[in-house]
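There are two complexes below, and they share subunit A, which is joined by subunit B in the first and by subunit C in the second.
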Partner chain A sequence: MLGQIAYALPFLAQGFAVTLWVSLLVVVLSLVAGVMMGVGLVYGPAPLRWAVRIFSDTIRGIPILVLIFFVYYGLPAVGIHLESFWAAVLALTLFKTAQVIEYLRGAVGSIPKGQSEAAMAIGLTFRQRLAYVIFPQAFRRFLPPWINGVTDAVKGSALVSLLGITDLMHAINQVIGRTYEAMPLYILGAVIYFVVNYALSLASRRLERRFSFIRE
Partner chain B sequence: MGYTLNFNLIWRHFDKLWGGLLLSLELAVISIAIGIVIGLLLAVWYVSAGRAVRTVIAAYVEFIRNVPLILLVYLVFYGLPTVVDIAYSAQTSFIATLSLYSGAYLVEVFRSGLEAVPRGQLDAGKAIGLTPWQRLVHVRLPTMLRITLPALSNTFLSLFKDTSVASVISVPELTYGAQWINFNTFRIVEVYLVVTAMYLLTGYALLYALRLVERRFRAAH
Partner chain C sequence: MSISPPANPALLDISDVSKSFGSVEVLRAVSLQVTRGEVVTVIGPSGSGKTTLLRCVNFLESYDSGSIRIDGKEVGFREMGTHQRRSERDLAKMRAETGMVFQSFNLFPHLTAAGNIMLGLRKVRGKSSTEARAIAEHWLGRVGLAHKADSLPAELSGGQQQRVGIARAVAMEPKILLLDEITSALDPELVGEVLEVVRSLAEDGMTMVMVTHEMAFARDASSRIVFMADGGVSAAGPPAEILGTEIDNERLRSFLARFRASHF
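Let's turn to the complex of A and B:
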């Protein structure tokens, strides 16, 4: 049994690399899209605010699995052909973007209005207000939940195994298909996911404590 | 390329989706009910227990919360029967998994609620001569419930959405129904549009109902 698992380790490592790669892409892309849309939600004109609000509430209201299937099977039906890998990244990015929008809204919303007004009073432009006054303060509120939310990307990435992408989850199932060692391999997989995600949530908690000295 | 929406086939097989939705709700309600029992018991135990018990409960919570649900579903359905001599249907297996899963999330919600109950209330309970059990049932739990209701609603909603993972072990809930129609009729865009609408309507109706409960609860105190 141990021999078989040891034999499969390089294969599992490859799968794990795919899990990390998917997660990293999703985290970076959703950060960019989420911050932009979040700013649109807080400061944008009414139509933009409504569009972002509907986007976020829709995405957050459906299971990630439905979102993944919708993107994966739906896009080719309307003539857009993406590799399954990129379809999966796109679907997970949509899901994470909605989260980032809400983190940003919460973080920016927690900055007292006086800060913005003071910045306006000394003649800063909108961009300057964001860059020098709002974002530096909101950052401390944004970072801990955001890091904790990265675990959702890592956990969500396990669903891409259903599209035949050989991530850690799929690699485990394939090795089980050959060796029938279901329990040890699932436990091994659980431990790997646990270590990654637990490290992230510890980092999040530590940062939160570190930033907690800041008063309102 | 043009794609013409045609919902006829979706309506013809709508029983798959409707039955699926009902099963999703059933899975969610049963699992959440068991999860509430697990969560309440462990949370009450946690706040009054010594270090060893706390570590064990925390380990359960952290383990479940940091592992993908799909892996837990596979582990319980395909893994567990290979080492212990039990047999169960996919549905039972999923309910067991989601119960343990929701239990871990709910311990966290209830625990933080219990710790947020003001000390003065407990002292007041003691001062009027309530027994520890009475203090728990009449003071601590009601206050905790009021504090945790908003977080509780969100947890319920996300657990309802998590029932979609049951489709990976062929439990015929809503997502499974969607896939069935997807593969058998190829009205792909239509079926996912309808299913998205069904999840959204159910989810937000649930959330709205829970908000009403919250408001009523707040008014009562």
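Let's turn to the complex of A and C:
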């Protein structure tokens, strides 16, 4: 049994690399898109606010699995054909972006209005106010839910296996198909996901401590 | 032939400024001129528009009509009469001409006392970090907090925080300093140390407009008192006149009577 698993390890490692690559893409892309749209939601003109609000509410109301199938099987109907890998990344990114928008809104919204006003009063421009006054304070409140979301993204990336992408999950299923050793392989998979996510939460806790300058 | 400027032009010229929040008219054609070096205190019942007027001067609030000029330059709008908002960059530049101190201090909690003062000096005035630090230390010294330069706001008392707030505003060398009920959030025993700083700035010739409930301070430190009621200037003049018994203004008299009854 162990021999068979050891034999499959390089294959599993490749799957793991895909899992990490998908997770990384989703986390980075959704962070950039979510922060920009979140700023639009908080500070933008009314039409932009509505657009972001509708986007976020719609996406968050759809099961992520439906979103993945919709992007892969549905979009070709309107002429958008995506490779399974990029379809999965797009769907997961949309889903995660909606969450980042809400984390950002919550974090920025919790900063008292007087902070913006004081920053305006000394002559800082909008971007400067965000960069030097609002974001540094909002960061600490953004971080915990966001890191949670990152671990969700790592776990959620297993869904890409449903489009036939050989990530860790799919690799495990394939090895099980050959060896019929379901129990030890699923345990191995669970341990790998756990280790990655546990490392993330530890890193998050350290970061939070570093940014705990504001006593409330 | 050039027209010579008037002998004593107003540094701050508020003329006919009106503003409504929905159907409530908070400012009704307010006009007020402040000359360089003057200390003007604005008093009046709550809801009379004092704070709103002050916030219009650095355009934290927009106004519907009229004009506010500092050194001849319209504050929030591009041209007289067009009522077109200045660009974000322009507005920031105009706001840097005035300093503001807030009732609730509004220090940046993630920056030290010196850091609070240095932020504007560096990002708006373009000073180097060494220069900014020196200026911050100078002003912290002026407000008696040289030893607190590296303290975070949360480590300071209310009175100390407000003195940092004042230092942050004046370090930018504003043409005019706006003080919005700066002692209202302080415990009574901390009011004195803050007013002392304001007094010393007045002696230096800093032009100030101050909304306050500290009548004794208004009487002693201001060159002129403006009494606002119902969104308009109801009376204005030297302290002796406004706070004296001769004044023929029913609203002011009842305001002062109520004020004295509750404060003495």
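The rule is simple: the second predicted complex is superposed on the first by the 206 of 216 C-alpha atoms of A that agree within 3 Å, B and C clash if a C-alpha of one lies under 4 Å from a C-alpha of the other, contacts with A are read in each partner's own complex, and residues count from 1 in each chain.
Here is the rule we use: a contact is a pair of C-beta atoms (placed from the backbone, for glycine too) under 8 Å apart; a residue touches a chain by one contact, two chains touch by 3 or more.
The structure presented is a predicted model; accordingly, all values stated were derived computationally and were not measured.
Contact with subunit B, but none with subunit C, is seen for A:190 once the two complexes are overlaid on the shared chain. In the superposed model, A:151 makes contact with subunit B only, not with subunit C. Contacts of A:63 after superposition on the shared chain: subunit B is touched, whereas subunit C is not.
Partner contacting the larger number of subunit A residues, of subunit B and subunit C: B.
Judged by the touch definition given at the top, the superposed model places A:120 against subunit C, while subunit B stays out of reach. In the superposition on chain A, A:128 contacts subunit C only, with no contact to subunit B. By the touch criterion defined above, A:177 reaches neither subunit B nor subunit C.
No residue of subunit A touches both subunit B in one complex and subunit C in the other. Residue ranges of subunit C in contact with subunit A, taken from their complex: 58, 60, 88-89, 92-93, 95-100, 102, 104, 106-110, 119-120, 123-124, 152, 154, 168-169, 172.
Interface residues of subunit A, counted against subunit C in their complex, comprise 112, 114-115, 117-126, 128, 132-133, 136-137, 213-215. Of all residues in subunit A, only 58, 61-66, 69-70, 73-74, 77-79, 151, 154-159, 161-162, 169, 172-173, 176, 180, 182-183, 186-187, 189-190, 193-194, 197-198, 201 touch subunit B in the complex they form.
Partner subunit A is touched in their complex by these residues of subunit B: 1, 3, 62-63, 65-72, 74-75, 78-80, 82-83, 161-165, 167-168, 175, 178-179, 182, 186, 188-189, 192, 195-196, 199-200, 203-204.
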